[in-house]
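Before anything else, here is the set of structures, which you'll find just below.
Both complexes shown next keep subunit A, but they swap its partner, so subunit B is in the first and subunit C is in the second.
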Partner chain A sequence: MSARRAWAATWYGVVAGVLLVAALCPVLFSTYFTSAVAVIVLWTGLAAASLTFLAGYGGMISLAQTALFGVAGFMVAKLSVEQHWNAWLAALAALGVAVGVGLLFGAIASGSEGIYFLMITLAFAMLTYYYFLQAPTFGAHEGINGVMPPKLLGDPVLHPTRIYYAALICCVLIYAGVRYLGRTAFGLTLQGLRDDPVRMSALGYTVRLHRTLAFASAAFIASVAGVLSAWDNTRISPGSIDITRTIDILTVAVIGGLYRLEGAWVGAFIFVMLDTYARGLSDRFETYIGLVFLAIVIVSPDGVTGLARTIDRRIRELTGGGAKPPQSPATPTEGAAA
Partner chain B sequence: MSGAPLLRVRGLEKRFGGVHAVRHVDLDVLPGERRAVLGPNGAGKTTLFGLVSGSIFPSAGTVELFGGDVTNVPESQRTRLGLSRTFQTSRVFGGLTVQDNLYLGALGVRGGRLRPLRTAKDAELRAAGRRGAERVGLGTRLDTLAADLSHGEQRQLEIGLALVAEPRLLMLDEPAAGLSRSERQLVTELLLSLEREVTLVLIEHDMDVALTVAEQVTMMHEGRVVMEGTPAEIRASKLVRDLYLGSAYAA
Partner chain C sequence: MRTLAVPAQLRRFAGPALGLGVLALALAWVGYRAFGAGFGAGGNVPSLLIISLNGLTLAGLYFITAAGFTLIFGLMRVVNMAHGSLYLLGGYVAWSLTANHGVGFWPALVAAAFAGGGVGLIMQQLFLRWNLGQDLRQALITIAVSIILADQMLVHFGGIAETITPPGRLADSVRLHVYGLQYPAFRLFVLGAALAVGCGLWAGIKRTRFGMVVRAGVDDRSMTSALGINVQFVFAIAFFVGSALAALGGVFGGTMLSLAPGEDSNFLLSSLVVVIIGGLGSLGGAALGALLLGLVEQLSSFYLPASYTSDSILLTFALLIVVLAIRPAGFFGRTA
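Let's turn to the complex of A and B:
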């Protein structure tokens, strides 16, 4: 019990430290690092967090998160570039549409579990990808170029720091929001569904409704990431949401740890760092990513954040943190009391 | 005790493919009753529980609860009407603490299951959960993960989850399964301490537990109800001995 408290305190310390570095990132590191690595880590992590939320809290491993990310990205691009909507308004509408699609997807997928849920969400991913690949109204395979963030943020090429802080604020708010949600009636119910949906139904819960709403909540997280990515890249194309990207997001989530929300950004950091710097070292970049992925999954199935916990447990065992009882059964005081 | 039955089952049938698990079962349970459903493995007891609780639907026949027909009402709604059940193998939420488990047990039958905010209601539900924990002997284990509980403690939590919903009809599927003698004693005492407002139906293979708690017994065999009576009548019955031990032992 107290060990768990101590662990939690250490963990919060680490999170606070990382947050501090993240907040000072544009000051501590180069502009290149901020715009080519850090901001991408943030929105990639956010996309992965939508999956980590579903998997860690709801036991639903979804491949549709990139699709929902894409729906929001394409909507914000279409509305702001072609319909000349105000960027904030376009973003709001894009979030609304993506959450609506998430509700629909969730309603369909909520009746399945495990491998079947995975297959249904893979079908959503493919369906969405081919729709955007072929629909002329969204630019077909070209996608939509010239997306501009709101004036407050300005051109992301000229002012990478602004989009970085916008993304950081979104990430922190969503992280805090999900952690809070996890302790509410809605969030605890979701965790109950993760552990035993049969019992939840027997306790009076409507399993499908709850799963559907959780899926829509995750769609919201993914669509914030989609809007941020469209602003940061000033464009979106079907290539941003193809099957490779879908697998990338799954990889990021698993590397970081599917069952800890922080893991999404840890995984995104490792992934984007490799993507940015390993590319220069070798053209076998994908092979390295594959090896890192393999190593992490073998050493710690719960990802990097799970690894930290595993090491902690090992240390505790080695230092004999009360695991083994003393050899002599009765101490003198006990003998005296008897 | 009023005359109208709390649970009324008529002509209930359940087939799973070629298996005829429940055959034309009629059953009345009056308010306040303590009824045990006995029978050898495969007699259809757990299937009958599933049909009454609504986790499965009958091939034919009707189920009435609290005076209304619920044959086609889904399980979660029957629970909200006041029926709680437990399971033969513990179904607790391993990744949550005892306290959070019981919170969910209390929340399920009340409004606000979708509430995304923490409110004063949560404090009430937690208080109800803590009372439930005391009641089933887990008062000191509130912050332990359910997965880290012993088998016996998980059985206690299993009953606690059903109790915190404050049911009018409590159905327990082998509450003493796999328990040590002293743990069985605790469960028996817990069941004997239930208020009369709670009607109790239990499946139990342990005759000491079943016949101590029950005042009425329904004996099932091969999907049928073969005998109803008091524990004394059941103890004296040759039929019951034959069913449990095989007729070879009857002589």
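Let's turn to the complex of A and C:
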């Protein structure tokens, strides 16, 4: 076996190993690890994936994902705790409302690009946060406590196994769904719009409509994460969607690689591990997170997965040519348009 | 496609019509609440005056802060997400000097402006100088800086809300000579300061040689550079001035309102909304945006029916939607 093949085999081995560990996590690790790290990694990753999906396929860096996450979380909490809806029904309604809000956000923001888009979505995120902070119908700054997941998923605190698998299934389905979406006509149009909106609109595509629909799809992903988080924490409060959380989700996406879908979970794993085990080491956790974020944006804008790909490419080159690995779906061309 | 022609026409009028309709409704409602009980001292006109003055002075504060934001963007295309942190830093520096070190208000104000400007300048020289034009990356870098600054300010200045004491006579109230009303002198001073900052920036940009260089740099960076002008030096000055304005806003805001962790994102939001409404990079736009935001915030928190007061933030959102529906790049924004 050539060195190149051996390297490729190692690479696939690592990926398969990670997937296997993810599938067996509740068996392999303690209940504490499953509930304090693994489940959180899954829904944080999902929230970040809604951002990396938009960035990678649509070239839109949105900071409104935590807002949509929050809309879904607050809706499911309100409907199931205060209106006593069936948990599944409440979740469905919450997804619907959040996607509706996502459509509205998308329709407004789709007229702008790049840095303007970032600013407008950041304003949306903060307005949503201040709304939930003030609205007494959603418990104002207390939020809503005592959210229970459906009976099927059991108690998320004492027995996190079921909610873990529910989250895992959501993640796998959404990952596969997005990869599929990327190959459909809609997904290809979206990538065309990312690379050259002017040419696409000259070809007759409605730029704003496609962007709005992409935004609504991302809203769906974020709201699934929001519902899962409300179930997992059994509560939601405005603190879960404040500016710090918004930046946390951005940090997760940047650590993992802003333009790589799977990077979201890699970033979430690193972030949650640090959050769980390193926060106690120093009172200045946020400063260190900021420094890590700064270092990544400066050194490797593609994040950890980008770094891994660079290493992979180097080793492939060293071990003897072969076909060039396919380029990442999104080559960030920021600045080229400015 | 020809069939699209009519909807396009419709859309062009639908936006402004919607905006004007909402505005007319809002004004009618405020008018009814304010003048419905007559113009006497027992009516609601005095409170309308006070609320409007609150809105105007808040707009002044928003303008001072957002002017720095829009200046930096206009020249360098840098969206400085750490602008709110510089606001809070300026406020804290002035507070710490006046409250703990016995420095007077005015020296503390100058020191705070220099501190904010200095930190902004260092950030620009270290992190933003070498990646000119990569606007998203630069925005992410300034976000990272804002995380670090927010945490470090929490360490040094604590988490309790602090207020700066205004100097001498500005701490008193002035009589307005209508309805026997009184109003805090400092808030009126901030309004005056906003006017001064606006006029100063306008004159500086339109009437001086340095302003001419700045305008040339905005229009064509490489050509200006080719003419032998040190564009990097101009950028550094502009970044310093923009950051110093944020810090100045922080001092005024810390005196008028209060300083606490979270105020940084609060004022980043207001700066964002102001420039989104007014158009990025436009000074007049920042003034108009600040005026709209300040008035809408204050009027809505007072004139919304009592059970909806907590929803007043939605009106800010509605303002944003209406403006973006009419002018996607803001009132005076130029599309790239």
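By our rule, the second predicted complex is superposed on the first by the 297 of 338 C-alpha atoms of A that agree within 3 Å, B and C clash if a C-alpha of one lies under 4 Å from a C-alpha of the other, contacts with A are read in each partner's own complex, and residues count from 1 in each chain.
Criterion: contacts are C-beta pairs under 8 Å (C-beta built on N, C-alpha and C of every residue); 3 or more make two chains touch, one makes a residue touch a chain.
These numbers come from a predicted model, not from an experiment.
Of the two partners subunit B and subunit C, more subunit A residues are in touch with C.
In the superposition on chain A, A:287 makes contact with subunit C only, while subunit B stays out of contact range.
When the two structures are aligned on the shared chain, A:239 is found in touch with neither subunit B nor subunit C.
Once chain A of one complex is fitted onto chain A of the other, the partner contacts of A:146 are absent, as it touches neither subunit B nor subunit C. Of the two partner chains, neither subunit B nor subunit C is touched by A:13. In the superposed model, A:210 lies in contact with subunit B only, and not with subunit C. The residues of subunit A shared by its contacts with subunit B and with subunit C are 204.
Note for the complex: subunit C touches subunit A at residues 1, 77, 79, 81, 127, 131, 133-137, 139-141, 143-145, 147-148, 150-152, 155, 265, 268-269, 272-273, 275-276, 280, 310-314, 316-317, 320-321, 324-325, 328-329, 336.
Of all residues in subunit A, those touching subunit C in their complex are 61, 108, 111-112, 114-116, 118-120, 122-124, 126-127, 130-131, 134-136, 140, 204, 242-243, 247, 250, 254, 283-284, 286-287, 289-291, 293-294, 297-298, 301, 332, 334-335, 337-338.
The touching residues of subunit B, counted against subunit A in their complex, run 53, 55, 75-77, 79-80, 84-85, 87, 91-96, 100, 103-105, 107-109, 112-118, 122, 143-144, 161, 165. Considering their complex, residues 1, 180-181, 183-189, 191-192, 194-196, 198-207, 209-210, 213 of subunit A touch subunit B.
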